[in-house]
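Shown next, in structure tokens, is the structure this report addresses.
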Amino acid sequence: MPTHALKIGLIGAGRIGRLHAEHLTSRIPSADVIMVADPFEEAARSCAERCGIPSYQRDYRAVLEHPEVQALVICSSTDTHAQIIAEAAQVGKHIFCEKPIALELASIDHALAAVKRSGVKLQIGFNRRFDANYRRVRQAVEQGEIGQSLVLHIVSRDPAPPPIEYIRHSGGIFLDMMIHDFDMARYLIGSEIEEVFAQANVISDPAIAAVGDAENAIVTLRFTNDIIGTISNSRHAVYGYDQRVELLGSAGAISTENNYSNTAIISDAHSVRRDLPLHFFLERYTESFIAEMTAFVDAILNDKPVPVNGHDGRMAVIIALAAHRSLVENRPVRLSEIEQ
Amino acid sequence: MPTHALKIGLIGAGRIGRLHAEHLTSRIPSADVIMVADPFEEAARSCAERCGIPSYQRDYRAVLEHPEVQALVICSSTDTHAQIIAEAAQVGKHIFCEKPIALELASIDHALAAVKRSGVKLQIGFNRRFDANYRRVRQAVEQGEIGQSLVLHIVSRDPAPPPIEYIRHSGGIFLDMMIHDFDMARYLIGSEIEEVFAQANVISDPAIAAVGDAENAIVTLRFTNDIIGTISNSRHAVYGYDQRVELLGSAGAISTENNYSNTAIISDAHSVRRDLPLHFFLERYTESFIAEMTAFVDAILNDKPVPVNGHDGRMAVIIALAAHRSLVENRPVRLSEIEQ
Amino acid sequence: MPTHALKIGLIGAGRIGRLHAEHLTSRIPSADVIMVADPFEEAARSCAERCGIPSYQRDYRAVLEHPEVQALVICSSTDTHAQIIAEAAQVGKHIFCEKPIALELASIDHALAAVKRSGVKLQIGFNRRFDANYRRVRQAVEQGEIGQSLVLHIVSRDPAPPPIEYIRHSGGIFLDMMIHDFDMARYLIGSEIEEVFAQANVISDPAIAAVGDAENAIVTLRFTNDIIGTISNSRHAVYGYDQRVELLGSAGAISTENNYSNTAIISDAHSVRRDLPLHFFLERYTESFIAEMTAFVDAILNDKPVPVNGHDGRMAVIIALAAHRSLVENRPVRLSEIEQ
Amino acid sequence: MPTHALKIGLIGAGRIGRLHAEHLTSRIPSADVIMVADPFEEAARSCAERCGIPSYQRDYRAVLEHPEVQALVICSSTDTHAQIIAEAAQVGKHIFCEKPIALELASIDHALAAVKRSGVKLQIGFNRRFDANYRRVRQAVEQGEIGQSLVLHIVSRDPAPPPIEYIRHSGGIFLDMMIHDFDMARYLIGSEIEEVFAQANVISDPAIAAVGDAENAIVTLRFTNDIIGTISNSRHAVYGYDQRVELLGSAGAISTENNYSNTAIISDAHSVRRDLPLHFFLERYTESFIAEMTAFVDAILNDKPVPVNGHDGRMAVIIALAAHRSLVENRPVRLSEIEQ
């Protein structure tokens, strides 16, 4: 471990927490995870053991109070994010927090105010910005390869719905799933969204309707600079994780395809076929998770701006809330309605 | 020419009229074009000469009154379609009419009533239904290859805008261009659309805004059976004619790609590239134009139902009118609002 | 029919003869087939009826002697080609002849000498030169898009072997099947082949071995200018007609893919797949058959050089004979060994 | 580091040695590199420092004699491989050795005899066997997805020739470059090669001819079970590392494509294009290098057979020597001629 490695405390040892723990300890030499906390003591313990983290605790405050911890990685449940951010900012720890910051705007604003007062860095976990495909699209926009942006389309589908109990408490498809795509839209276009219109349905999985959520959803976007676009989500793509964007510009278009575990094509008497795309986010976005964490560690060690900040985290939630209201009221909703 | 060939009179010898004339005379042995009419006598004359049509006239009524003409192919300007359909029905001629039937619902209903009274066959020129790619999608839906349909996306872009004078009188992007996609949506899904929401912009070509039309437009669709979807149009795809659909179903998805003049891939020191897709509708949809006309001739000679009827032509216009109203009023519009 | 149309006599009304008859009568306005001959009178009659050819005969000499016939299209059995070419040249008819001219060099040279003496035009039926994919490769070579040519690979596979009786009398895989690829190699590279080495096997279809032919064959090529390459044939590609080339050059590479009846991709729980490629040569090379015949008619009507001449036909046979000798003797064989 | 980690000594800290050092120390937790040796002391020192290896030496014998070292990873120059293997076997160390074992058969046999006597494990560095694309092809063969194998084609091209001094001492294109493909052919087919025929040229880079080597080479293969195939190598593919195979079987075919850093497609007014494939072996085969070393460590720790053994290393050299003789003598050469 380099002597100048960033000393990190991890809060939350669930699926995503363990993922970050593994990357931070085995793939990012400039990071040093020195403590992990989880209310499930067994989760904290096994994560510590597996990743060689020297200390674990049940209470996240132990991490906050640890004098050597320089930065937190917050992977606890969503309802705790804003509170932990605020407390961490007060004790001067830098913060990486998984999305979303919170499901209500007031909590987000409270947390961001604390961050602003303290001057610590806060990065939000929109990992897809670090994916090579989307980076290439953003690069094309920045370098003018396709001229002025005109129309954006994002498709983002999960291979199967999560457990119905998860959906029930997830905040709904816009806050739980499409929030990544709202951030992606802002990232790719580089300007703000002004108004959204949402449509949704439940056809093949009635249990999702029973808990008040959508199986499939489409949101139409209007950006402040008149660019328009759509985001199409589904919880039900039996062929796997479907993650694509396409952007039409005045001088051309750029689109991305799914990623696959191999390039082999089999032609037999029935069809010309290949294996399914990488199954889900753990397989598809591994490198982007490592890259986002590397960028966070680098931003702190070298005092750079974080690549995804609190404003980004806040805007994605605002768009999701606007989309939800649009769906309920069946009308286009301006983001300004939510912000007031 | 087989003795039982269908005797056809062509009305309108503009671009699309000449196209049909060529196909009918050289590619469809069971058709016999015996007269062509166009108010521009020179257009009628040169079309007749080029295609070996024995007679030409300025006045379309000469075609209507020709005793041997069994069927009309109407390719005159849109504002004449409904009137000619009505007159043709009264004299018992079968009718193929280019889309749209008319830009106002009252005219359409008047024409369709005449058709109904007379019992002649009326086919509307939604040629894309006969394209092999879309046929394959429809086949997948019908044969259950992708289960229940959930979400539909259609992309349809022209390589460049038509002349601004054309746009000024075109009826707008929904009636002029997206009307094909409205029909495609109904065809692929096999059910009716209930409500639409439209967005549009003009960014790279301000002249289009000056005549009150859109450069790019997106319409969100809700079908009566809860399927949702989008149609994305652009008049400005510099890389050529971009014509694709994708349909997500409960057991899989199906998508189509553009067609190309060759399959060659060149890899050099800069990129891996291929030539642009087929440039525009004449190249892209040649076979579908032949197939639609073959189907029309077959429907009459063998007394079968036409594959695209007056109801289809009427619905596409209603959807376009609803989309237009949605754009003007910035709200979702139900088709029932237009039909009353 | 234009009054200046080329008057053609067709000799041979088998599969390929009927194909050309159909194209000449329905797709090539500048051609006028006025007589067809086939020893099977019924074949000649039904071809004439189907394509509207005014006269048919059993004896090909009736075509040769017809005073109005300007050009012959020879689609009779291979063993008659050289003789008919010689006779036709003597009576001053231009000639299109299906490949191969003959299976022995002496016959070819006799026929070509007669052609040379008479000054008539002779085109050989290597239709693949007129295919859009290969044209694009040739264009890349001519325009220097990939620099100097270095290495060529051709893959050419049939969906299934022909009947074993056909194989028995076909002259073997090199003269019957790979001959197209030998011509393609010369066409794409634009220089002569100097030496070949052949390998072959029979694995899945022992009946082919029983008649002394190969199921799969590979020939290595060396051109006079040091370019090297391979041709890979198989009679047994269960997925359909597999027709591809790739050419490496000093500034890049170009490769072609198979052609398909539609572009639809289906993703389901098992694979991402598309329908099989166009099944066989009738589907795959339709446009190239029309283009070759159009070029033949054009060459005569406008007194241009034919695009595939007797030398081309002769060289393809020489290469095939060299490949056959290489296989029998298991050593590289120079073309000069065959020509002596 | 797990307490049971395999203690490894690394011999050779050049490009490939440093690559393995990095993977062994950061990506393979069950390995523990405890010493590195290189005659260039500075190379050994910087490798040790960079990867946290506790000890470094100039003399490889220090590694051989280190009592705790259980296994060697030999990445020294080719001419030292056989000697070090023999010495290592004598002192009972397990061995991973980069390809080729040696350029002469006698040296290889001497080394393999020592290995056999001692009973240590020896794995040869044919990393491509661990690549996901080729694994998928092998899996298709093993599971019968394409029936019986009939014809194999391998294309393997480098983005640019190595320095001419490297080529001069490399042993030639067959031993230096195509050796990977000879192993791949044996791996994919699962049987031995019986006879080869080689062709080669130098066209765009005369300096390669000046040192007696080839710029492009093609080898035709005949396997003992009659399967035939080709390998096509080029040192001059300006578009990058081109690594593909295709295998025709009696029930279908399987082929692989190159790998890319992203999936983005850009369509502009000139072409539809993507970025170049992964540039060279370090980018293209990263995961396969990690997988081969993981397999080696696993084979020793868990006493399994190594996946690529001394026989595999020996056969690849024999095939390369046969190909070389074939090229020199312009005739097919049986492997049995080399083995005697």
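Every chain is named by a letter (A, B, C and D) in the order it is written, and numbering of its residues begins at 1.
Assume contacts are C-beta pairs under 8 Å (C-beta built on N, C-alpha and C of every residue); 3 or more make two chains touch, one makes a residue touch a chain.
Here the structure is a predicted model, which means the values were calculated and not measured.
Visitor: Is it true that over half of the residue numbers where chain A touches chain B are used by both copies, so same, or is it different?
Guide: The interface is built from the same residue numbers on each side, given that over half of them are used by both copies.
Visitor: Farthest chain from chain B, going by mean C-alpha coordinates, please.
Guide: In terms of C-alpha centroids, the chain at the greatest distance from chain B is D.
Visitor: Higher C-beta contact count, B-C or B-D?
Guide: Of B-C and B-D, it is B-C that has more C-beta pairs in contact.
Visitor: Using mean CA coordinates as chain centres, what's the chain A-chain B distance in Å?
Guide: Chain centroid spacing, chain A to chain B, equals 42 Å.
Visitor: How many Å are there between the centre of chain B and the centre of chain C, using C-alpha atoms for each centre?
Guide: Their C-alpha centroids are separated by 40 Å.
Visitor: So how far apart, in whole Å, are chain B and chain D when each is placed at the average of its C-alpha atoms?
Guide: Spacing between the chain centres: roughly 58 Å.
Visitor: Return the residues of chain D touching two or more other chains; collapse runs of consecutive numbers into ranges.
Guide: 237-239, 242, 251-253, 267-269, 275
Visitor: Under the stated contact criterion, what part of chain C meets chain B in this complex?
Guide: Checking each residue of chain C against chain B gives 26-27, 29, 132-133, 135-137, 140, 145-146, 251-259, 261-269, 275.
Visitor: In the complex formed with chain D, which residues of chain C make contact?
Guide: 147-148, 150-151, 153, 155, 157, 197, 199-204, 215-216, 218, 220, 222, 226-230, 232, 234, 236-239, 242, 246, 248, 250-253, 330-332
Visitor: Mind listing the chain D positions that touch chain B in their complex?
Guide: By the definition above, chain D touches chain B via 237-240, 242, 267-277.
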